[in-house]
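Sharing a structure here in structure tokens format.
Chains here go by letter, A, B, C and D, matching the order in which they are written, and residues are numbered from 1 within each.
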């Protein structure tokens, strides 16, 4: 059985695990104050050309809700695409922290500077605005939940708009490595550090056992963030496990190499489907590919392969997701392509 | 200047104020445990043919957020029309209590039993449902924010759907009197008591200085509700002020008589606009009428009259609201109609 | 039956009610944006010699939880005396907003600058401080829950300590009038405005139907406070009712005159008890007097008079509270004194 | 340098790490729905002689706040010893979920059934109880934060009291293994399952990289708990990492063997101090020993050894903690004892 359902089916990349094993019996301080976390933080600052604060948290929902709770005042909400992870797939974690998610209609999972500006202008122009949730932050994901990417130009405009309207800009990079490694991507880590107030580099979906690195560039958001981590159960006792994993991934570019591999395999799969006439939903250059399949096609592939069924179209066809990862083997993709060609 | 902007521009109906003055120097227990609150509660139970619990709170946002917080578990949200007051005009009060509002596309401000069932079925069918907010309650407003009414048949189906799917059904009756008194309405208070788990009878917008009566028919929601009121600052120290006002409004049907007057005047206004060819947005038989006016028409009326500008249509025309109340004088409506005819 | 149980047993002072009746049929904007609220705000600013923001809320729990939620970041808590209203009698309203109350042992209901400094120093010195709630605000009540008063010197030291340690200073003045009018009080409204970041002038317990005026002097706390009021159901639709009442109370010093009357009567009661040998618990110069009575004494008085039983001492004696108000009649106090003398 | 500062300075027990490495490249479902979590859950149910629900979470603060949020209604709080971890060392995580911690004075870190009963009786007897936070749960830690243990008899009485008063009983077992393995302990896992509504078996402090197993025996608390985990960022994407670690620890009793070793070493240290005349603070039979040292003694040991300084006594002496773990080497304890003897 082939597995293209998600990018977190295996454990860690062997290099990551090796690092954990090699240091296992060392004694360090807890809670992320150890030398490995310091080293990993320094490395990330170097890669980002930033002197921001770097924190290591365990998972994406945790880091999203923590930074949003840290940034917003009680009456503020967070603008995002309707398909944004915080709006859909975090069981209302943001609302559980007291804040409304303010979804905007996305296009290919993305929103635009113009939409954000319009939302802020409309808020300010409303005589009843004190009865409305005030936009206080913009949440983007890069790559988006649909695998697409913001261009540097798009991101720059959004950043400017946020600064004009007094909004924090936060980018969820749960799959950032796949974005950085994607063909055509022109957004670098220093760009993110310059344009955003906070962003993450995801480990869980690119070879770590778990872990997200949060870079906070805005001084006001840096202040006391570790208290908020602890309050929310987001401070790992043996925090060095996070630092060590990011060191293994980032020190020699492993993170990007394995992401590039996953992207290549994903595009091979997409190509096979396209040749077969199956439409792609979104122009994704990264490791997630969304395909429209007939029930017959989906059924035939199910016999050989795990993939996600995302939703059903009114005409009965299915939106499906095929996902590769650092662990995807080329020969497995070959096999999948064979099955696609046989549809 | 004529005033049709809202239904809470004046103080209280004279009969209400008189009751407050007559009892002013009496000494009673505080916090709603006094004889007047008891009497008013009994009267409401009689009118509703229900043995439910009755509580008196000060305002609508307070009562909505309190009953929702009391009813839902942390991972649950509340389904409502996109135009629902809790989704739009309470500064995220529900989210501040930790719960996501789950808006459904409304039609004339209403949602249907079928929509609710579909939302619940979709939730249950989603393999990732634990990552989604679970529907736990349905919020309706009767009349809706657009002045429209649920029919008994519609309400009955919604109630059945809620029971099938394990959802609480709560009806926000901030303008309930106008609904009960409306031509064509077939939903009575005993219907509400039978079909809903909780609902309110609004005082603020029908002649009280302030105050909403909350009827809780579901025993599980009755339990300890006064603690939750107090926690949220919703327990008035001199609670009898609420009981007294509801007694004055409800004892001899004053509440319905003044609402009927307001409805009549509202329909006179709507008729004048219709005769002039100005389209009505919604089929409202109650005291709020939403009209589409050209900027010229709106401008001309602005010279004589306060009304609300709700939104702007893509073609530049304006959605406006004209609102009557218990205090609206017939001669003022005559004057407004004169201005409409002169457009 | 005589009534000394609390200071909110009656409705409003006649002058207050008269003002509401006189303006009842006027039409004004809602939500506190009307001319009466503006006037009352200006008057309060004048009395306080401050250009702070003034907001009118309905009750004490509401105003306490709203200003605390507005001021604190998620990981911060509020220092107060263990007997502080927010710690004891608000059903955990502060915690429901996400913040821990950090009680310090009080003396006569008060805490000291030294205690506050020690708490902050201890926090900062703790290597695990990120695992502790960070003090972010000090809550005082003036008069305290026990009727006692902070002197100007005490308040000044607390204010300095708060500024040194970066804490907001908030004073709950639910019974402020009684404090201002008390013999020996040396804290004025301009002192409060100069020394605190926010404080309230209570109406409910001094002649209003309801209402607390919140003065916010710290610019950072002024920002967007009305959004937070609305979110918490603390923005009264017919907001002018609050402005009108405060105008009636404050315009010609009525507020202080009636408080002085209540204080005088309270001290007469305390004197009678003292002559009888019943110990006073606290040195209160205001309208609340706490007496230690034997069960026999308490029982004898219960036949004639309502008062509060606060707690029971290990030796079986009772701590009781006798409370006067603007509405307390001298002849009723005479009668009570007669009963005390007959004990 | 010797390390006795905490029990989470190393990584994982080699057997745990080996298990993770051996299964690293397997593909499983995410979020704890994999076969390893199922197996580990079954094993725990067998060990507990219970058919309760078993969930695996990452850390202690997370599991404490999640189960408390899942169990309490908005107006309820949780009773615990003043020294309880949730009251002191979780940065107000419980309050951030909206609930007040209700501390009772502990004795050796423990509270009694009688104290709990008194708190509930006092609440119920208070005429103003609706203004107070209602006790809804009892939180114990076993072993306590001071290393002490509840006896079966004490636990049974607390359990009965909780049932009589309608309180949930939750036991935080972050160091449960050390308790189970302690000399004189008479509380077994089946006892906990029978007497509590929920309890945890801690992994982080006994040989896991991280992880707490939560056993929920009360059906009402089992319902939808995974939603609440996800909402709070407590559902690990690669959930099998938790199941695998608990299998490694529990399958053949490793967990208890390594805890017994740690206890033995801790008691050797305590014995050395006692022989030297240094008083023990608490009668701890587990891996944490609290000693009172003079500043000179503490200073002398600091040259050789890491340990925790807990607090300072009024006479200047220090309360210190020496902590052993599965990883503590006998020869390191020999060395420490040598240093103690040389004091």
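Here, a residue touches a chain if its C-beta (ideal position, glycine included) is under 8 Å from a C-beta of that chain, and two chains touch if they have at least 3 such contacts.
Values in this document were obtained by computation on a predicted structure and should not be read as measured data.
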Practice problem: Specify the chain most distant from chain D by Cα centroid. | Solution: B
Exercise. Between B-D and A-B, name the chain pair that shares the greater number of C-beta pairs in contact.
Key: A-B
Quiz item: What angle of turn lays chain C on top of chain D when you fit their CA atoms, given in steps of 5 degrees?
Solution: 180
Quiz item: If you average the CA atoms of chain A and of chain B, how many Å lie between those two points?
Solution: 41
Quiz item: How far is the middle of chain B from the middle of chain C, if each middle is the mean of its Cα atoms, in Å?
Solution: 34
Exercise. Return the distance between the CA-based centres of chain B and chain D, expressed in whole Å.
Key: 49
Quiz item: Which positions in chain B touch two or more other chains at once?
Solution: 74-75, 90-92, 96-98, 130-131, 227-228, 230-231, 235
Self-check item: Residue ranges of chain A touching chain B (in the complex, touch as defined)
Solution: 74-75, 77, 88-92, 95-101, 128, 130-133
Quiz item: Within the complex, which stretch of chain D touches chain A?
Solution: 3, 6, 8-12, 14, 17, 20-21, 23-30, 58-63, 65-66, 90-93, 96, 204-205, 209-210, 227-228, 230-238, 241, 327
Quiz prompt | Interfacial residue positions of chain A with respect to chain C in the complex | solution = 31, 69-70, 73-75, 97-98, 130-131, 134, 224, 226-231, 235
